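One chain, chain A, links the two complexes that follow: it is found with chain B in the first and with chain C in the second.
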Partner chain A sequence: MSVIAPKFRLGYFLKGIFDNAFWILTIVTLAGIPLIQIVLFYMDLPVIDGELLTAFLAFTWLFNPTMQIPLIKSLLYSDLFRIAAFPGFGFAALIAAATIFVERKMLAKLQLRVGPFYCGKIEGLLQLAGDGLKLISKEIIIPAKADKPLFWAAPVLFVGTAAAFVALIPVAPGGWVVADLDVGLLAVFAVIGFFPIITILSAWSANSKFPFIGGIRALHQMVSFEIPLILSLLGVVILTGTLNLSEIVESQSNFPWIIFMPIGAIVFFTAMLAELERIPFDLPEAESEIVAGWLTEFSGMMYGLVQLGSYLKLYAFAALFVIIFLGGWTGPMFWPPLDTELIMEGTPIPNFKGDPVLTVHAPGLPLFDKDPNEWVLQEQGELQYTSGQLLINGVIWFVLKTVAVIFFILLPRGVFPRIRIDMLLHIGWYKLIGLAFVNIFIALGLVYAGVLGPGGIM
Partner chain B sequence: MADALFLAISVLTIGSAIAALEMRSLVYGSIALMGTLGGVAGFYVMLDSPFVAMFQLAVYVGSIAVLILFTVMLVKRELIFKKIEDPKRKFAGIGLMLIVILALGAIIMDSGIKSISTDSDPVDFREIGGDFLTYYWPALVLMALILAGSVMGALVLARREDTVENEQRTD
Partner chain C sequence: MAEVIPTKEMPPGLQVENVDDRIMTLNVGPQHPGSGHMRIIVKIDGDYIVDADPDPGYVHRGEEKMAEARNYITNIPHLERPVIHDSCNILYPYVLGVEDLVGIEVPERAKYVRVIAAELNRCIYIQYWLAIYGIFLGHSTMFMWPAGDRELFIDLMEKISGARVTHAYFVPGGVRNDVPANFEDVCLRQVNYFEKRIKEYGDIFYDNPILKARTEDTGVLSREDAIRLGTTGSVLRASGVDYDVRVKEPYDVYDELDVHTNVLKAGDSYARSKVPWLDMLESCNIIRQALEKMPKSGSIRTKLKPNPKGGLDEVYRRVESGRGAAGCYIVSKEKPEPYRLKLSVGSFRNLIALPYLLKGEKLGNMPAVYWSLNYWPVEADR
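Right after this comes the complex of A and B.
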């Protein structure tokens, strides 16, 4: 007879709970609290409403409705939030997860299948969580003759490099970017250059035939498509006269650069597909030829990390396309122009006698405005918006455009077959580089003809 | 803070340079070489020239180190290299290095530079580009011609007439 717990006794159960509670309390007292105090000693704590925020004050304010919003706002504008949550890792990982879901369902619909269906009842919504749990709980198997330090380091380095790429992407106006570099585009090129190294090192360290063939293919492909990738963006740099990604977005407030350089956009998109190893350029992971290419020997969460890194990379490339060619966060305002008074002072609601007892602010705004008194003048018309309105509007436009580009990256997977390696190298070295130079000459022609110049229409 | 950073980058650069020379495994040696080149990029960042630092990363770590790694992986090292263990050479090399370092240090001490002011603005890369396109344009044209010539020469050398393969190709 098989039962789940054959020797279940309430006494053993309670003893287990009390044992666990005892050890947790002991460890927290001896190690956890000193650790928290050491961390707090070195942290820069914010000043809210003239009071230095301590841990005790934070706990107190969490349950005080009037202090919750300043507390959350100070968290919202901290560096940690930027790196971990909004323009950084969390936001990108969320979009990456959505991308995986959409990819599965959309490809299935294109090929008249149903795709993931059972987990989560509605269109297999929870399949992704299930796969994540499966990957975490699986055993990590390392080949016996693998080069262990490199084999362990490769997935972590891959995710780290992808996260560094994500950190350079500006998402919304007002400095919503993790690292706002003056040479942002060059930093992007430098980060992209690390991917082939990690790929070839992981392929070599597995000490197996299929990964090595896949790694060599990946190296050929990435190195040869990096050149048209860089050259296709130089036209925009010539026209804007800056390498800062935020300034490139701001230069497109009137029109996106894809209008003037569609050739550059096409070259960049093709090179992007090759850098991302997507079909039709997925020779490094060609599952019908070389099991899974350079990912063959990865198992468990190591495979999961590589997949996470490659989808973060996909998001970052799509976002880069949006920033350079489609105008980033620029777009018409969704918000109706509200009265200055309404936002700054709120609407007083009187009681039955006519005395104002309650003030209602515009919804959502007190949370997203860094400083309610800080006003930003929009150029279109004489309308004024707060930084919170601009933030929400910018994020909505940015996400819409990025999702559209991601859709076009996913689409070829259901449509095109894989191409041969000689055709791939031919496309990269002959056609794309030539087209990229044509694009640069178009940009130079526009500058010298006096039509366009650094900063927009002259 | 800056001193600690400088020390850390120096240790990284010099340590990985020594490792690149001394490691038995060629692949690890080239990884150590990447560490050296990345450390040099760190020096450029500390010297307020992120433009040069990013090019150092993109060109040296991203391209040249990859080529070295690629070559190393395709070579069977037992067939080509013989181990030469010669302590005399090693000591001679260390001695030469010490002499060079002492000479350079003496020159720097002799030049009268005692301190470096860190308040001055970094050179804007737009100014460098402007100078190249206006005053120094002959140098730019010369560099472009030399590069174009070397690329064309490489293409001519690498060109190979595979008539059979060309016939088999359908595209």
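Right after this comes the complex of A and C.
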């Protein structure tokens, strides 16, 4: 029997077009336009030429060149943008996607393979999108005897907790963080404490043997590595005298803390690998022993959500390492200091008739400075920079450092086998906690010797 | 012990198992990434295995019964199916047995070609086994490297026999066809490169501190137990017994070659995984010696009659395969096809040791102990 292509029929063709048009119109009117309106309502809308603009005129403004930049700027400074896009979820998800791509290609190079190659034409760039589509289109199967509400909730809670962790990470100077808390580090510890609970809940609710064993392993592993993880950061807290992550970064403008406490950094990095369930500590997902551990019963996009959450967590941990030990966004300026006149007055750009319609102040900068009429010049050393320049420079340094740390998190996967649960607990309780205390005593010694004090200046 | 009361009347012959509440029964396999085509019923108390019951038989093909309906030549392709990666070695005892049965002489050149092909196949098999051992321990690089490097010898075997895995190359009376013209040079070059590559495995895998900490002193099989349980091949040699069929009962031209037996004393999972690796290095030496001593030209096959009738009544021959001694027992009864054919394979004999080794181990050690036994489920089921 051969498969024959269905014959073309005008009726079916028209029906297909009408069906598609119906669904597109329905989705756009019921979901798309309300979504855009919600975004616009939550923005601080700009006032241009004394005219109060309302969200209902949004589509009109977008075609008016003089109103585009104020509109985009007000979007950039809305809370929604912070949560969904730049220092929050979108930025983290972008880095997580890049991490997956780098992980696949790097492991492939290490193992004499090519890795993803065809999808997306260039080195398999779109492989991740393909995997995501596959996961979305798969059926979600739930075990018959599972506790359904908890089982459904677990992946969502996992992603939510990971996103809450991401929200605490300051990315650039000038308060580019979703939640700028004075007890930022404490909040980070609180969020980390949620992961084992979610893991054991999902494992138990699946009502299956392998997820149960995996969940118990995850619980053991996360709880026993949280203690060295927290202790290893206390040294920095003692030296800086603050729990605010932005202030911890600013205290490292002269030197990163890793110079004074390499032991703490090593302990934190090892505990981080265990918290992230990366090889050599991937016991909760050890495939040859317990299938996929606590992920065994997840199928389709539930599994995809857990993976998304774990990569968000990976980014957040790497970023935390950068903030606490590597100096966060601090680093030499990429930008030459610009002419003040150029920054203040900008360059007018004419349209095709020759009338100046748009004023560009410096490449891309007006977008990142809050008010184009009041330029905030910040002194760094002898030179002056706008806050936009500082933002871009800070983000570049932050991303570079984070990617470097992520690289070192990925590397053990190609080199080490998995270790056993008793060896893991031995490392956690006997070695790492002892080393973390050594680190705390080094910090106390530095404080009492008067070398360094609260504020972190020599 | 909680008393289990059957709710319904039990059918005759069935028993109710009384289960302790502390004990969890895990079915590892046959749909489990760490099992292969078999099942291990593992009972665990916390993280400790209290009982392990291997349950093979999921891929039973009835090779022995099939052999009774085919003549001595048509038996060749299906008898190599149990271990397609080691197809030359699993066919070797059958071919030797039929030659004894019919009483034909094998040309000298064919004997050397057979030894080379058998050693190449041994390397192909051990590389596949090693790849799975690597991924069972979570070492993904050790999965990819051997799986890639075995392509060298697979290509070489393809040049010789025309097929990548199921070669059907050995026939009673010699080999099926001659090797290609520039075979000696190509083979020597590839063997040298292969040897250089597998020496690198030591750096990334066998000297890895985590691997050593994990597999040393796990699943220890003492020398006495190894002999008592009837294990063979690398398992026996890892427990300190100097036994190799190639040395003790040399067949074809192994008595003219210098074969070194790799023996380790520890008897643990690490030693059992290291012996096959050393065997691969030894195979490279054997291939080089055989290439040097091989007659450069000559006949490669003595033709068998279309329906050969056995001269002897019964014969038993054995060889050293990738998993240990592989034997073939043929009863001919003067017929064109075997009256009875029995395969004795290393996999099944090594599997017998599994429940003794797993008892008292931690669950995390199960893949390391299980796969270090050099067990191939399909071969054990035959």
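Please note the rule applied: the second predicted complex is superposed on the first by the 381 of 458 C-alpha atoms of A that agree within 3 Å, B and C clash if a C-alpha of one lies under 4 Å from a C-alpha of the other, contacts with A are read in each partner's own complex, and residues count from 1 in each chain.
Here, contacts are C-beta pairs under 8 Å (C-beta built on N, C-alpha and C of every residue); 3 or more make two chains touch, one makes a residue touch a chain.
Since we're looking at a predicted model, the values are computed, not measured.
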Partner chain in contact with A:Leu219 - chain B first, chain C second, else both or neither: first
Which superposed partner A:Ile440 touches (first chain B, second chain C, both, neither): neither
Chain B versus chain C as contact partner of A:Val291, first or second or both or neither: second
First, second, both or neither for A:Ala206, with chain B first and chain C second: neither
Touching partner for A:Met423 - first (chain B), second (chain C), both, neither: both
Contacts of A:Leu390 with chain B and chain C, given as first, second, both or neither: neither
Chain B and chain C contact sites that coincide on chain A, given as residue numbers: 422-423
In the complex with chain C, residue positions of chain A that touch it: 107, 110-113, 209-210, 213, 279-280, 282-283, 286-291, 413-423
List of chain C residues in touch with chain A within their complex: 24, 26, 32-34, 47, 134-145, 148, 204, 208, 210-211, 213-214, 362-367
Residue ranges of chain B touching chain A (in the complex, touch as defined): 27, 31, 34, 50-51, 54-55, 57-58, 61-63, 65-66, 69-70, 73, 125-126, 169, 171
Contact footprint of chain B on chain A as seen in their complex: 147, 150, 181-183, 186-187, 189-190, 192-194, 196-197, 200-201, 204, 219, 223, 226, 241, 243, 422-423, 426
